[in-house]
Amino acid sequence: MKDLQPIIKSLLRAKTAPLLLMLQIAVTFTILVNAVFMLLQKSDEINVPSGLAENELFWFQMSLHGTREEKKTSLFRDLDAIKALDSVSGAVALSSIPFSERGAGHEIRLERDAVGYVTKAAFYSGSYQSLETMGLELIAGEGFTINDERRLYNFGLDVPSGVIITKVLAEQLYPDDWRQVIGETIFLDEDAQPVRGVVEHLIGPWSFWKNRSFNVLFSNVFITPEVSILVRIQGDNIDKSMQDVMDVVMQEPRRTVDHLEVMTDSREKAYRAQVAAYSTLKAVVLGLALITMLGVFGQTRFAILKRRKQIGTRRALGASQIAIVRYYVIENAVINLCGIVLGVVLAVVANNLLVAHFQLEPVPGLYLVYGGVIIFLAGFLAVLQPAIRAASISPAEATRSV
Amino acid sequence: MLLYYFKLAMLSIRKTPLLSFLMIATIAIGIAATMITYTVNYMMTQDPVPGKSDRLFTVHLSSWDPNVGYRMKDGKEDIPIFMTYQDATNLYTDQRAHKQTIISFHKAMVRSAAQPRGQATMTYLRPTTHEFFSMLNVPFLYGSPWDASDDSQGSQIVVLSKKKNEQLFQGENSLGREVVIGGLIYRVVGVLDEWLPLPRFYTERSDSYSEPRGLFVPFQSSINNDWLSGTDGSVYCWGGADLIDLNALKASECVWLFYWVELASAELRDDYLAYINRYAQEQKALGRFQREQMNRVMNVAEFIEYNEVVNKDGRIAVWLAMAFLIACLLNTMSLMMTKFHGKGAEVGLRRAVGASKVDIARQFFCETVIIGLAGGAIGLVLALLGLYVTSEVYSHLHAGLMEMNLSLMLLTIGSSVLASTVFGLYPIYKACQIQPSSQLKSL
Amino acid sequence: MLKMSNIAKIYLTDTVKTQALQPFSLDIEAGDFVAVVGPSGSGKTTFLNIAGLLEDYSEGSYFLNNQDVTHLSDTQKSRLRNEQIGFIFQSFNLIPELNLFDNVEMPLRYRTFSAKERKSRVIEALTQVGLANRQTHYPQQLSGGQQQRVAIARALAGSPAFLLADEPTGNLDSNMADGIMSLLKDINASGTSILMVTHDLQQAAQADRIVEIKDGVLTESKQVEKVVA
């Protein structure tokens, strides 16, 4: 580090060029830190666990016709026929489908008359085999049996037959010990329902909703003119299963089918916007790191061109090649560090603006460290080549007349 | 003289190819990033009905459950953006605005009468009323909208989008031809020309950047047919409604219809709101509308803002890209410093043989302009490429959002030249300060 | 102390072989003041570069203080330059961003001197050239002659065995040149050998020995017995 003092002195003397590089690094750092943070947040959002056996599921909407009774009969006839297929391991009617962007929800309270509510949660109502078919993991309490299943023309929440909720919802209701929720009564808007079980994960119908992991399951097949059917396949040929199921349901002459989709596609569609934003941010981060490297590379390279004679003189006066490399690496490190320090200030200011104007979450301090390390390493990589080139300048350069 | 400077600049650029390339490339990348995000954002925030958006209003009523509010928004109670069937038809019958329209939704199997049954496809329809088209400036290729009597009778007639007409009738003039919608025969009375309002402000947020629906039918005909579909639009209910058929929905307090009006001038807004409030008071007297009355009308811009149609990710992206551009320009600026500094000897010589500071400044200014132009041109190509990639990545948004018009292209080049000259000022100033003597002496 | 035997330099390109310096031998003893003269392009600079370990030679052997330098590594040569040789260049080669003190201190930083040692050496060297009161000035604030004095101070600060001066007065007017010459003679008088390349025959005449290079051939044309005081 014995070069440090003269390096700092000569940087202070040169002013403009290192100042510009420093500013560039500071601005880059600012963007980088905010972008990396948003990137990781998006990544969390996209990779949220669904709790579903996604690869084995597909779903569709189909029409039911005739009187109420006829609708009900045809629905259960078709469900039984689907379940009897060799290529199907389970099929349920559900009031809404995960990732489908359509569904219903309630305000959840622990007391009927409580002012405000604990949270909002989406509501899935359907066949008693919903848990098994979706592939959910029951971690406390009990699931639904055939005796729990009702088949109505409304949501049927007025009868307290019990609900199953997700673990995060349980934790929201009973922060101290979520297991306490088992057997307790919760209120879905006005309707009281005892909690009979808790599942590890279940994603809601709306991918963008902040409460997407708060969900309530209920065992009632709500018969409407158009119902959603979720099918879990047997074996690994999902296309064949879909074809078999369509062959069954299209036997009804007036039947129309919509949204025949495998669950992985539904998930992809639901997160399209986030995935797109994620790719954009990745491009930004990459571009920034590249531009910084280009900047450092260009700066050092041309600084060296400019100082050919000086470097030759240093070599003539006894500087070894290592000493020359060290000089430029340290010089770059000093500029980098100053840029990063200024960048930290800018990043905090920029983040406060983002938080204020776009309701983003504030960046945790650790990201400033991450960003600093990335910039520093990028700068170090970029300076190496020109520094090594500088070291190869012959000491005879000193005696060369221009 | 300008030609001479131009020649010098080209020589200088060619003499230091790597340095010039780095400068041009950094500007190009920065400009491209900014213009890609700016284009998407610009397209997203265009006025979808130019010249009219301050006279078009959507009407929202406080018809919700007396016991529980509809929902909370930004910490305040909010009312539905949809209307009940009763209220929409009551207001429509009153005809108190210059123009008004009810906007509903339905989906059905659709084919042309000539196609076999098997070729019918599930299609999203737009049941609405005849003034929808003139209110939203919808252009017609063939035919015209239906009229008020078709609305009152619920005639089985249909207006097709240009794209739908191509699918069903290979783009021919299909007036008078027949379309089978959910098993019923509809006669074509109009075919639209290209029409893509961005954002598609008159409906739900999730549909803002997708294409309009392809078939428009009189709202009354969907009522006559008992069409009810709860899965392609939103129906919000309270009070334990039992939605087994359309009659149940019509009689219920469920909200599901959009209601838009066009007023003769924006100043009539208060008068119209007063009328809406009087209507609400009448309904209150009849036992409905028991909540605190928060009825409102919103014009197009207000509704777009309220609906948070414009993605905030998009706006953040513009800011990120602009900061990125600044980083790029700082980089270019330091490269310029290096470059002009390297030309100290040349400047000294030129000054010695009698060039003034202004001459030197002109010479370098010429060079920065050329670099800016080159950066802008390459940036434009990169931006167009980037927009193409973006439209692939953002496949859920309409590709029309990712297209540059001529003025955006000019803006790209212009801002590149402007940015490079502004950031070139200081390097040029420094270069002009070089003394003729100082450089020659060290030779 | 500086013993060159049969040194030659050949530049090789793909097609051409250029004999820059014909084989020559030269001994320089402690306290010698040797002037190297000759027209431009004759090979003066090549000779100086070889003597100063700035460039490799093609043939022959070179002993510096009884050490064979032929097979030394770059780092070893750097070290030797730093400790044994003081360089004075035609265009001074001061570093414009550094003030006089830092400029003179620069070569000392490549050695293991303590800060205190460095400081006393810098001040001593600057005092010797008469610029001790201008340590914090920058090169641009000085006249050419003063800049060259700083360069001489820089060369002296490391107490080298000999000084290599490449046209030290080439960029100076005659008044300043005379000043520099008398300074160099003073330094030589106190025991430091000097090897000076010049094109000025009057200056060359002030040296003890004159070596002439012409078309790559080196001949010694004057040898004066040193008068020991």
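Chains: A, B and C, in written order; residue numbering restarts at 1 for each.
We take it that a residue touches a chain if its C-beta (ideal position, glycine included) is under 8 Å from a C-beta of that chain, and two chains touch if they have at least 3 such contacts.
These numbers were taken from a predicted model, which means no experiment stands behind them.
Chain A has the C-alpha centroid lying closest to the overall centroid of all protein C-alpha atoms shown.
Comparing mean CA positions across the assembly, the chain most remote from chain C is B. Remark: chain B and chain C have CA centroids separated by 74 Å (rounded to whole angstrom).
Note on chain placement: the centre of chain A and the centre of chain C lie 68 Å apart, centres being C-alpha means. One inter-chain figure worth recording: chain A and chain B are separated by 26 Å, centre to centre, where each centre is the mean of the chain's CA atoms. Contact of a single residue of chain B with at least two other chains is seen at positions 442. Residue positions of chain A touching 2 or more other chains, listed in rising order: 402.
Within chain C, residues 91 each touch two or more of the remaining chains.
In the complex of the two chains, the chain B residues touching chain A come out as 19, 22, 25-26, 29-30, 33, 68, 107-109, 122, 206, 228-231, 240, 242-245, 311-313, 315-317, 320-321, 323-324, 326-328, 330-331, 333-335, 337-339, 341-342, 390, 393-396, 426, 430, 442-443.
Within the complex formed with chain B, the residues of chain A that make contact are 16-17, 20-21, 23-24, 27-28, 30-31, 34-35, 38, 61, 68, 101-102, 153-154, 189-190, 224-226, 228, 256-258, 269, 272-273, 275-277, 279-280, 284, 287-288, 291-292, 294-295, 298-299, 302-303, 305-306, 350, 354, 358-360, 402.
The touching residues of chain C, when paired with chain A in their complex, are 45, 48-49, 52-55, 74-75, 78-79, 81-83, 87, 89-91, 93, 95-99, 102, 105-107, 109-111, 138, 154, 158, 166. Those residues of chain A that touch chain C in the complex are listed here as 2-3, 6, 9-11, 13-14, 309-310, 312-323, 394-396, 398-402.
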